[in-house]
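Written out below as structure tokens is the structure these notes cover.
Labels A, B and C are assigned to the chains in the order they are written; within every chain, residues are numbered from 1.
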Amino acid sequence: METGDLRGAASAAQVHPALLFDPHEDWRRAFDPCIQCGLCGGACPLAHAMDYTPRRAIHLAREGLLDRVLQSNTLWLCVSCYTCTARCPTGLKITDVLFPALRDAAINAGLQLPGEFKRALDNTYRYGNSLGEGPRKRLEWTKGAGVPVPVISQVRRRVEVLWLVECYPSYHLRNQVQAQAMARLLHAMGVDFAILGPEEHCVGDCERLAGERGLFESLVEYNTSLLDKYEYDVLVTGDPHAYNALTRIYPTITGRTYPIRHYVEFFARRLDALKPLLTHRIDARVTYHDNCCLGRMCGLYDAPRALLRAIPGVSLVEMAFSRENALCCGGGGGGMWLDGVIWQAAGERLSDRRIGHALATGADILAVSCPFETSRFEDSLKSTGHEGRMVVRDILELLDRSMQGGTPA
Amino acid sequence: MSATSRDVWIYVEHLRGTVAAHTYELLGKGREIAAGLGGRVVAVVLGEGARPLVATLGAADSVLCVDAPAFNPAVPEAGVAVLRALAEARAPRLVAFGATSVGMDLATLLSARLGLPLVVNCKDVRLEDGRVVAISQMCGGKLLAEVEIGGAAILTVLAGAFPVQPGMSDRTPPVEAIPLPTPLEGMSSKMRRLLEPEPGDVDITKAEVLVGVGRGIQRKENLALAEELAGLLGGTVCASRPVIDQGWLPLNRQVGKSGMVVRPKLYVALGISGAPEHVEGMKDSDLIIAINTDAKAPIFDVADYGAEADLLEVVPALVEELKAGCASAA
Amino acid sequence: MNIAVLLNMVPDLVEDLEIDASGTALDTQWMRYVLSESDEHALEQALLLKGRLGARVTVLALESGDAEEALFSSLAKGADEAVKITGVSPGHSKRALAATFKEALKNMPSDLILTGVYAIDDLDGHVAGLLAGMMGLPFVGVTRSVEPADGHVVVQKELPGGAAVEIEVGLPAVLGVLSAPQPPRYVPVAKIRETRKSRALVERVTAPVQPDGVTIRRLFKPEPAERATMLEGSPEEVARQIAALLRQRGLVR
């Protein structure tokens, strides 16, 4: 079984100016239309802790004072929540262009990078995942699934679903159970699926947002040729960042689109087949957190809610700031690797603030659909002193419980 | 070089007037090996001000002491020049050093200068039909190599490999005081000064003993317990992220993914659940002892020893035990 | 000033290590190698000296796929020349590796030779000290800083517990670096890829070296401990057991 190797990969990919900063062009020109209205800084959940708000960073960059921004904490506080991009009246790509470009400039200027940030990038380059785990360990989680999990290089035929498990669900203790739940659901629905196994590498969305342009390009090259090797009807993933990159970014580089679905869409479209399997009640008030990639970026608000409503006994309540207005958990775009820096600057984690919104609904369960979020929100319950008041579950875990029985908590 | 004797030499490492604990481990083991070889165990103590240390080396059959002004064997050139001269004259069968920053340099340079084989990071040394067999620990403890040594050799030994007791004795050993065999002036390495760590400048990555506190410590006031334990163990207090977040300890004490990676000899985990982000920062510690009220806490998957107990009860009891132990030793 | 940095590739512990059929060596089928951590620091130390003195930095490594990556990465970070040494495979012996480096360094006059200490696969010593002994050069290992001065360097060698000893070393000399004053710099992937395209490695063929040194009679893995040994009893009893453990290991008197 191949494990794949990023190093020595072919030369640079074509760059579409709209969604990626072009290292050969002056990316600052893309911000010429900025009218300095300040909506970005006003909307940014961490602007209060930044030395320069996004608006001021754009202003300084345009005035040739980029150095000042690079020396500031601004570029390390962005968690890619896309709120600024969603609000900008001029349609500027602040999240996709400004912050990655600033970080790229910092990296190339040889500035000292935060330790965990560097480690995450080194790990991705060496092992194809930011956690620094070995490629062969990608299959560990399958042992506890209770159903067969075929690996496509061994199956050697066209499959209906090529499932991109991605890194946290494969390796992180808290997320492996979610991958196992998804395997059981797919199996119970009779879906013909397979996974990539040890060959799988990160799709690279967070590395892109972290400003490591060369690393993202090599991941794009690697993943495009990997996906070309196999035949499948659809690609399904549980990782909103992988979904985001394959939906919006990869096509601008490769000129090709991918039949990519997040599991919320995939299961929602097959609710007829799924609903009969949800035989056990989960009598609970459930509130759903809209993550940034599925939500603000890609507009998937109804599918996850449809899935939750399909579970007998679930009563769905909305928390404040939902859908387009949801507050980010703070993990995206390198946020998972900048925790210490953000904490030091802001004195809080966004997930702590968000858990407050969830608790205010009086719900028993906070449902999520992004692997970063389970641990982040569970941590927040503890650190805000509310452990035991509610539990955090991925929608996959709730569907699985409804299918199998047993307590959700 | 004269024909190899059957003597086992133990390099006595010392700092600020105290002999390192591992030296006694080596003396104890050295006695055993020397007896098996039919030779003697000789303690070799070098450096300015070394003479008074001889009194603690009673487990050795004899002591070679080179105490000369401005002589610091931590300067590898100087230490090896002296060791080489002594070894060439007396041909020991084995020369054992502790696997420390001092011992490793001396052992390696000496091995090259004398042309003798060297085995580092030994976890065990024993005799098999008159041949010395050493087990060396490699790859962060994931691999062990069994090596046989026919003739004379040099070893460095991991601290904690052997018990300390057999190396301690009240005897006064016979001492041979030897003048510097080569003058220090001609050497290309010159000792300038000893640098003490800045007080209050805590670098947990350098600590040999760490007492880690997690959420289970419950209140800031309980940190004093951890501090007291750390003090008795000659270590430092560190913490998992939640404790640092509370502001109970400064950021330079954080262990884990967003903090520091530490590899101390001993890591005592108090009330730490063992989330992957924390474990990442301390899993390579030599000995991990964990106390947590939750038997299912993942920390027990990475610890060597554990107890499902309340740290607020165990730690005070442990502090008393350690104090009583010190009292009876004194 | 001419500085040579010697790079050691060591087993990457991310994947489990397997022992081959002979029982005396590692099964290299799935193994990857990674640059020894302290060698990264040695390179960083060399680059810092280059930045201050305009020294010329040459890195050397034994040929292998993983080593090439390390060599190109070093060039991308700012090394002036990268040499891959071909024609030898010293096996597990650092003594043989040191002898190989000594051969490769012939006709390459260096004021300072830097390499890391405490490679995870050291069995018969570390390259730094062995090389110094073979070349008859002054040596200090476990350094945490190297300050240049007139015709010599002043190094700080770490001692247990955070103390250090400051030593003046005449040049030429070999230094075993533990850590550089600042963390090894990050080099962007784009720069490494560009370097691979634009720079070439210098090849140096070296005569095979006699692999003297220790023979491994048996290579084995320790008993895997799945879980902690749990201590039972009242808090006092647990405390007694812990104290006994610590005394037995010499961690407390």
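Just so we're on the same page, contacts are C-beta pairs under 8 Å (C-beta built on N, C-alpha and C of every residue); 3 or more make two chains touch, one makes a residue touch a chain.
In this text, all values refer to a predicted model and were calculated from it rather than measured experimentally.
Participant: Top contact pair of chains, counted by C-beta pairs?
Facilitator: Maximum number of inter-chain contact pairs occurs for B-C.
Participant: Grab the C-alpha centre of each chain and report whichever is closest to the global C-alpha centre.
Facilitator: Looking at where each chain's C-alpha mean falls, the closest to the middle is C.
Participant: Which chain has its C-alpha centroid farthest away from the centroid of chain B?
Facilitator: Checked the centroid distances; the maximum from chain B is A.
Participant: In whole angstrom, how far does the Cα centroid of chain A sit from the Cα centroid of chain C?
Facilitator: 37
Participant: Would you kindly tell me how far, in whole Å, the mean C-alpha position of chain C lies from that of chain B?
Facilitator: 21
Participant: Taking the mean of the CA coordinates per chain, how far is chain A from chain B in Å?
Facilitator: 45
Participant: Could you pull out the residues of chain A that touch at least 2 other chains?
Facilitator: Chain A, residues with two or more chain partners: not present.
Participant: Quick check on the complex: what are the chain B residues that touch chain C?
Facilitator: Residues of chain B touching chain C: 15, 20-22, 24-25, 72, 74-77, 100-102, 104-105, 107-113, 117-121, 133, 136, 138-149, 159-160, 163-164, 187-197, 203, 206-209, 232-233, 265-266, 287-291, 295, 300-310, 313-315, 317-318, 320-322, 325-326, 329.
Participant: Provide the residue numbers of chain C that touch chain B in the complex, in ascending order.
Facilitator: That would be residues 11, 13, 17, 26, 95, 98, 117-118, 120-126, 128-134, 138-142, 154, 156-170, 173, 176, 178, 212-222, 225-232, 235-236, 238-240, 242-243, 245-253 of chain C.
Participant: With touch defined as at the start, can you tell me which chain A residues reach chain C in the complex?
Facilitator: So the residues of chain A in touch with chain C come to 7-9, 11-12, 23, 104, 107-108, 110, 112-113, 115, 118, 121-122, 125-127, 132-137, 212-215, 217-218.
Participant: Across the complex, what residues on chain B touch chain A?
Facilitator: Those residues of chain B that touch chain A are 215, 241-242, 245, 251, 254, 257-259, 275-276, 298.
Participant: For a test of understanding, state which residues of chain A touch chain B in their complex under the given definition.
Facilitator: Those in contact with chain B are residues 116, 172-173, 339-340, 343-344, 375, 379, 382-383.
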